[in-house]
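So that we are looking at the same thing, I have put the structure below in structure tokens.
We call the chains A, B and C, going by the order they appear; numbering starts again at 1 in every chain.
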Amino acid sequence: MIQGRLFTFWLFVIMSVVMLYAGSYVKKGNKTIKIRRLTPLEAIPEAIGRATEAGRPVHFSPGLAAITGQDAPQTLAGISLLRYVAKLTAKYDVRLIVTIRRPEVLPLAQETIRQSYLEEGKYDSFANVSVQFLSDQQFAYAAAASGVIMREKPAASFLFGAFWAENLMLAEVGTQVDAFQISGTASIGQVPFFVTTTDYCLIGEELYAAAASLTADEVFLGAILGQDICKAIMVALLVAGVIATAFGSDLFIKLLSL
Amino acid sequence: MLSKLGRIDSRVLYFILLLSFIIPLLRPLGLPMVISDEVQKTYDLIESLPSGSRVVVSFDLSPGGYDELAPATVAVFNHMAMKGIRMVGMSFWDAGPSLLDRSLAGSLYADKEYGTDYVNLGFLAGGENAMSAVARDITGAFPRDFYDRPTANMPIFDGLQAFKDVELVIVVATGNPGVPEWIRQVGDPMDVPIATIVIAGLVADYAPYMQSRQLIGMIPGLRGAAGYEALIDMLGRGTAGLDAQSAAHLMILFFVLIGNIVYFVERKREKDEADEEGAAS
Amino acid sequence: MLRTATLVITFLAGFIMIAAFFFDVGFLSVAEAQIQDWGVIVAAFALAMASINLIQVNVNKAVSSENVTDKICSFVLLASLAGMSIIGLTKGPTSDTYNVLFDGIMAPGQSTVWALGVFYIASAAYRAFRVKNADAGLLLFSAAFVMLGAVPVGEVIWSGVPAVSQWIVDVPNMAGMRGMLIGAGIGAFSGGLRLLLGIDRTEVG
């Protein structure tokens, strides 16, 4: 075991066991769990409906992060939501424009959309989808995506994934073309900008919950239950740590550096 | 009048804001300087390092954010050069090495000896994985520098193999990979102090690391640069831009105020109209 | 068959990376380094594919778009792409020509787009930051203190502004940030575990 990672290892094991147990608990039919609705997710069909009526396209960005590294889960959650959006655009024959920053996200997005159109029996309409790699430079992407939004004037713009300083620019340009905007990010520092400038926003872990909710029902409920138990464990550890440190004990500091 | 304000063209706001930048730049207001705790801590740490210490500077930034960070970077480089600290520069963002060159050229390191007092190792792909590799073996991961010269025989690397041999890591950052990755790969496991020169937009993200002491110093954008310039007594672009920043902040708050006045007046009018319609029916 | 193979590869790669993070075992470190190298190679291929996509989309626009602006933008992009690639490949990133293009076009261009952010903040401030209820009022009050506390003019207005601003950043802001960070971290963990174990197959099609 590498020095300093013992505590993390056991936390990893405990969290994995909790998540898997929660999944099997729900799968066995113990579905007595009530969860709150995710309004931004429920607004997606409405946004696409508006685009259908207006005869204008839909814009989607899966964020600026790659599929490796600490922000990868956000990109993958964005791709899950892209699958849902693509199914709806296929169903209603609305033009879908996807702007991509990371090269490795491009084939993933293309394949996800192709699969969605196949599943909806609308493969012929796949030609109507425009998946565009713009630039792997943050602000070159932001400028190009803003240009695409300004020129194409989408009726709905979905921004789901990891975003940084460019998020306000994308959201404000969307506002200027009067797009119905739904955002979601776990990039905590950027949440306030999305909250104030888009119509609906998935805040932090809601992004992951939204992505999970698009999978099988029991998988989603299991994931939510597992996450909540893990959060309870974290809160307990935090409270215990604060109390121990307040009373002069360095037990938790030692524990964390094991 | 107020309904016109409610529908004001965004470009009018942009123009007013632009003026609020330009006027203080042409006629500085001379507002008093405030040096924040995190800037003072960074200064104190560099000040405490003996001459000949080696500091790694990781230029993990995009060209877009460079202008905000350049004044602080040059101020820190000047301080390090004055103290005789040796600087090992590297980057995990592709545009980083060229930007590092620009900062070095504008600082006192320009008069120092390359390969002995400072070095620009260039860019290494792979983000956090690459950081981990460099932390274990610097010249192994960077066998050649930005100018394609071999690094192994450079005097600056005598007795310096891994990050455990450096006194401080300074991350000049506009995003990820950046500060959290360095903390995970070097700060926590190797117990090397980490400081950052960071864009103002990321200050709230990194503040928890300051409180947990995983970051020992933070210089936020232009405001931090102005403070650092005052500490080393070399006023530069940071100080010059500070009045403009003050004016812009005030102007944005003014926009919020006007926007809210318009909102309340229009809401009241709509309510009154609805009441009148209700009374008429 | 292809889907099963994808799931097996995903699981093995993820398992090796996790195991190498915790255990200092020779073969695990070698496997981890290999996977990372493959990742770089895959990313390089993806970049090539993305470049082809970029060229396809913009050649189409340059040739067949009815919009003149679209045509001009696509033509400029293709010319810049060709020019920068040729100079980068033949003369290298430390050559004078490359530096002139980098310092004269790329860096100032990106700085400009970055700087435009402040104008978007201004229009968002005017349009979106409305005191619709008590929560929004509290948000606005905190934002005003933090903004004023970040610049010298705050202290000129009232000497207590920097202290109040610092308190807002250090206490309520930090508490909220940490809560969201922990929640988002656990969400990411849960998503990663489902992906590795093939419970959630959304990302593999």
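A few remarks follow.
Operating definition for what follows: a residue touches a chain if its C-beta (ideal position, glycine included) is under 8 Å from a C-beta of that chain, and two chains touch if they have at least 3 such contacts.
Note that the structure is predicted; figures quoted are calculated from it, not measured.
Chain pair with the most C-beta contact pairs: A-C.
Taking each chain's centre as the mean of its CA atoms, B is the chain most distant from chain A. Each chain gets a centre from the mean of its Cα atoms; for chain A and chain B, those two points are 28 Å apart. Between the CA-based centres of chain B and chain C the separation comes to 17 Å, rounded to the whole angstrom.
If you average the CA atoms of chain A and of chain C, the two centres end up 14 Å from each other. Among the residues of chain A, those in touch with two or more other chains are 2, 66, 68, 70, 137-139, 165, 188.
Chain C has residues 39, 43, 109-110, 113-114, 121, 123, 127, 129, 177, 181 in contact with two or more other chains.
Those residues of chain B in touch with two or more other chains are numbered 10, 62-65, 95, 204-205.
Put simply, chain B touches chain A in their complex at residues 10, 62-65, 95, 127-128, 174-177, 180-181, 188-189, 199, 201-202, 204-205.
Residues 2-4, 65-66, 68-71, 137-139, 164-165, 176, 188-189 of chain A are the ones touching chain B in the complex.
Listing the residues of chain B that touch chain C in their complex gives 8, 10, 13-14, 17-18, 31-34, 62-68, 95, 97-99, 102, 125-126, 129, 146-148, 200, 203-205, 207-208, 211, 223, 242-243, 245-253, 255-256, 258-260, 263-264. Taken in their complex, chain C has these residues touching chain A: 18, 21-24, 39, 42-43, 46-47, 49-51, 53-54, 57, 67, 69-70, 73, 109-110, 113-114, 116-117, 120-121, 123-124, 127-129, 177, 180-184, 186-195, 197, 199-203, 205.
Touching chain B in their complex are the following residues of chain C: 36, 39-40, 43, 92-94, 99, 102-103, 106-107, 109-111, 113-115, 118-119, 121-123, 125-127, 129-131, 140, 143-144, 147-148, 150-153, 155-156, 162, 169-170, 173-174, 177-178, 181.
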